[in-house]
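Step one of this worksheet: look at the structure below.
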Amino acid sequence: MPSLFDSLKSASAGEWTDYTRHDFVRQLADGSLPEAAFRHYLQQDYLFLIHFARAYALAGYKSETLAELRSAAATMSALVDTEMKLHVAYCAEWGLSETDMEALPEDKATVAYTRFVLERGSAGDLLDLQVALAPCVVGYGEIGRALADDPATKRDGNPYADWIAMYAGEEYQEVTVEAVSTLDALMTRRGGPGRMPGLTETFRMATVLEADFWQMGLDAA
Amino acid sequence: MPSLFDSLKSASAGEWTDYTRHDFVRQLADGSLPEAAFRHYLQQDYLFLIHFARAYALAGYKSETLAELRSAAATMSALVDTEMKLHVAYCAEWGLSETDMEALPEDKATVAYTRFVLERGSAGDLLDLQVALAPCVVGYGEIGRALADDPATKRDGNPYADWIAMYAGEEYQEVTVEAVSTLDALMTRRGGPGRMPGLTETFRMATVLEADFWQMGLDAA
Amino acid sequence: MPSLFDSLKSASAGEWTDYTRHDFVRQLADGSLPEAAFRHYLQQDYLFLIHFARAYALAGYKSETLAELRSAAATMSALVDTEMKLHVAYCAEWGLSETDMEALPEDKATVAYTRFVLERGSAGDLLDLQVALAPCVVGYGEIGRALADDPATKRDGNPYADWIAMYAGEEYQEVTVEAVSTLDALMTRRGGPGRMPGLTETFRMATVLEADFWQMGLDAA
Amino acid sequence: MPSLFDSLKSASAGEWTDYTRHDFVRQLADGSLPEAAFRHYLQQDYLFLIHFARAYALAGYKSETLAELRSAAATMSALVDTEMKLHVAYCAEWGLSETDMEALPEDKATVAYTRFVLERGSAGDLLDLQVALAPCVVGYGEIGRALADDPATKRDGNPYADWIAMYAGEEYQEVTVEAVSTLDALMTRRGGPGRMPGLTETFRMATVLEADFWQMGLDAA
């Protein structure tokens, strides 16, 4: 039986391709992405991560088992401690300071995506929330691995090689495996066939908003 | 196939009996309930109705179809306009003014029950919320009809005859029929077998808290 | 002392002008707006109204007084009963059926704006929510009146004359007066000077997203 | 100027005394508390801690600054990792296994208190939530220190000496100092004089429900 994630991805195959093979991604692979595009993306990703951590906090509130609560707490800590500090360190290499990033206005693409996810989580349940998060969490792993596996990806002198290596790396790949299995567990506990239309639409919209997030980067260059 | 409501009721058969055949109910039937008990119950029920209307507002926020949203709006209006005004008029016959009731401290039984329902709705989804509401909405209809159908119920000179007639009446009976069918529709759209343990526990706890609400009335006499 | 609304409007004066004097608005005034632009706007406004009604439902849940709860219930009913039916009737004149509109995909501008408002209300309090709603509720009244008062506005043969008349009309103007006074009452009860930066940013972003909503209409033509 | 916490405590002076000098507390001090009472309290406190961690998750979702978000994440982790493991280890000394505790039905006093706190946080804002949490967080520190400072408290052979030492200890005392200063910071950022009646009622009710939680322990013996 396919995982819930695979079913959702199949149902939004076109949107998924638009997102995972977006021009932004292709240009990361061959190193041709304008630095201004990447820098804008990194800045907005900093603001994005804050709302993403809030989404996991919401998942903690919505937890029904101690295991779920612990998992949400661990992800929140990983995001606000480890991830954001790595992100800040990485941004510093690109000449972006944390003080600058905190003061940045949110791009509309950032607003649309983050608030859509949070609203799904608030108005729906933990399954709606995790489905809204999946295109980001699992998609980045799929993109990272695809670029790392593709012989055409530029290695030497690609300024984005570290970014690709991070998402292709074992540590992040394990995060995606766990996210896929969390979705299946939630579907068993809170789901049923009647939920597929709603979950499919949530997944589709989140995927579209992810593609818009790449586009926002390109448009800034 | 049994309705979701019937399945939930069967799974909490003991708690359901404790609630629907509570001493408070028996004393309503034979007219022996101390007036102080009924008066305290009426006062707290006024405060309860406010939170109950908030629960339907929450159902409106959580709606996924225009029909659900319209149904929530209609119930909210029915509660804060019609029901509360009837309640206030009825309370006036028992010597209770609205100003007095608004200033009343909430009894702990009122806090426990109303906040439990609201929290289920906030942390869960529309199905969790409607299941938490069902023991009240459907139970009152069942109690009203049972008392009206029971030849042992005192008719002449029973100070509680109007109360019984209201919940046994056709208008309220239709409300319960609709509530039962709403649960089935939600179970089809958002449910599955994995949800039964959680919904069963929600229904059971709400039923226990309803019985406590009767007991609070008795304890006040 | 200026109203909270006036303070917020002054603090976002540039964004407010961009919204209330947007090209879409100018073209409504002189009748030059392409019908395709208006039709797309109307369709998305139908979807917008559903989430708008959900926002008032959320306001009902967040109410702390019976008066607030009744006001939220009345607005919800006005939106899902009166407003949406008027909207549907009006759309029918423009060749748009309700069935068509319910099946429409949400535009990203609709997603961004509605989810931003709902998230402010969910994560913040009733004051945050009402501030997020104000640019729409009060702004439409200001736009309607400005167009109606402007001698340059085309009257005869302007296909948008009814739209202007609706928002310039006494009934809608009363809605805006009440919204302004609700904000002041909430500021007194739940506010203080420390809230101004947060409320200002909420108001500013909602105003920007309103202007984007007009732009979405223009872009569709 | 008094802290917000001190103002709230003064406004509920009687309820605060009932809570902090409850018979349960006195019997902890002189070692006379029946073990069955303490054991029941410990079991329910385990269930309480789960909802308490959910309340801090909700605080994370409601955060408006990265500092608030990090603080919520740190408290959640402290609760679900450190605290609950200490609690489980401590309970094991009293013959209570984690498996047993997870399977326990929630006492009504646990339901009332935890759901009241969560609902304040969901329907209100971060300040409402932190005020609802304060009687627990700060009160335990005050109780621990008062017992530790009181020469009448039994030291030798008091089975509850460890419990007293934990809450009187420097580590927990720092938690309370931080909680008091968080309240002041939130009052500055989100408060004003108009909020005092609502916050006072929230604090008062949470204090009453804390006293009920002690009483639940006594009633079980």
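All chains are identified by letter, namely A, B, C and D, in their written order; residue positions are counted from 1 within each chain.
Heads up, the rule we're going with is that a contact is a pair of C-beta atoms (placed from the backbone, for glycine too) under 8 Å apart; a residue touches a chain by one contact, two chains touch by 3 or more.
Nothing here was measured: the structure is a model prediction, and the numbers come from that model.
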Task: Tell me, please, which chain's centre (mean of its C-alpha atoms) is farthest from the centre of chain B?
output: A
Pair of chains joined by more contacts [C-beta pairs], A-C or B-C: B-C
Field: Between chain C and chain D, centroid-to-centroid distance (C-alpha), Å
entry: 43
- request: Could you put a whole-Å number on the gap between the CA centroids of chain B and chain C?
  value: 36
- request: Let me have the rounded angstrom distance from the C-alpha centre of chain A over to the C-alpha centre of chain C, please.
  value: 32
Statement: chain C residues touching 2+ other chains are 54, 61, 118, 123
Message: List the residues on chain D that touch chain B in their complex, please.
response: 54, 106, 108, 111-112, 115-116, 118-119, 122-123, 205, 208-209, 212
Task: Would you pull the chain D residues touching chain A in the complex into a rising list?
output: 50, 53-61, 63, 66, 69-70, 72-74, 76-77, 79-81, 84, 102, 118
Message: If we count contacts the way the header does, which residues on chain B are in touch with chain A in the complex?
response: 61-62, 64, 123-125, 128, 188-195, 198
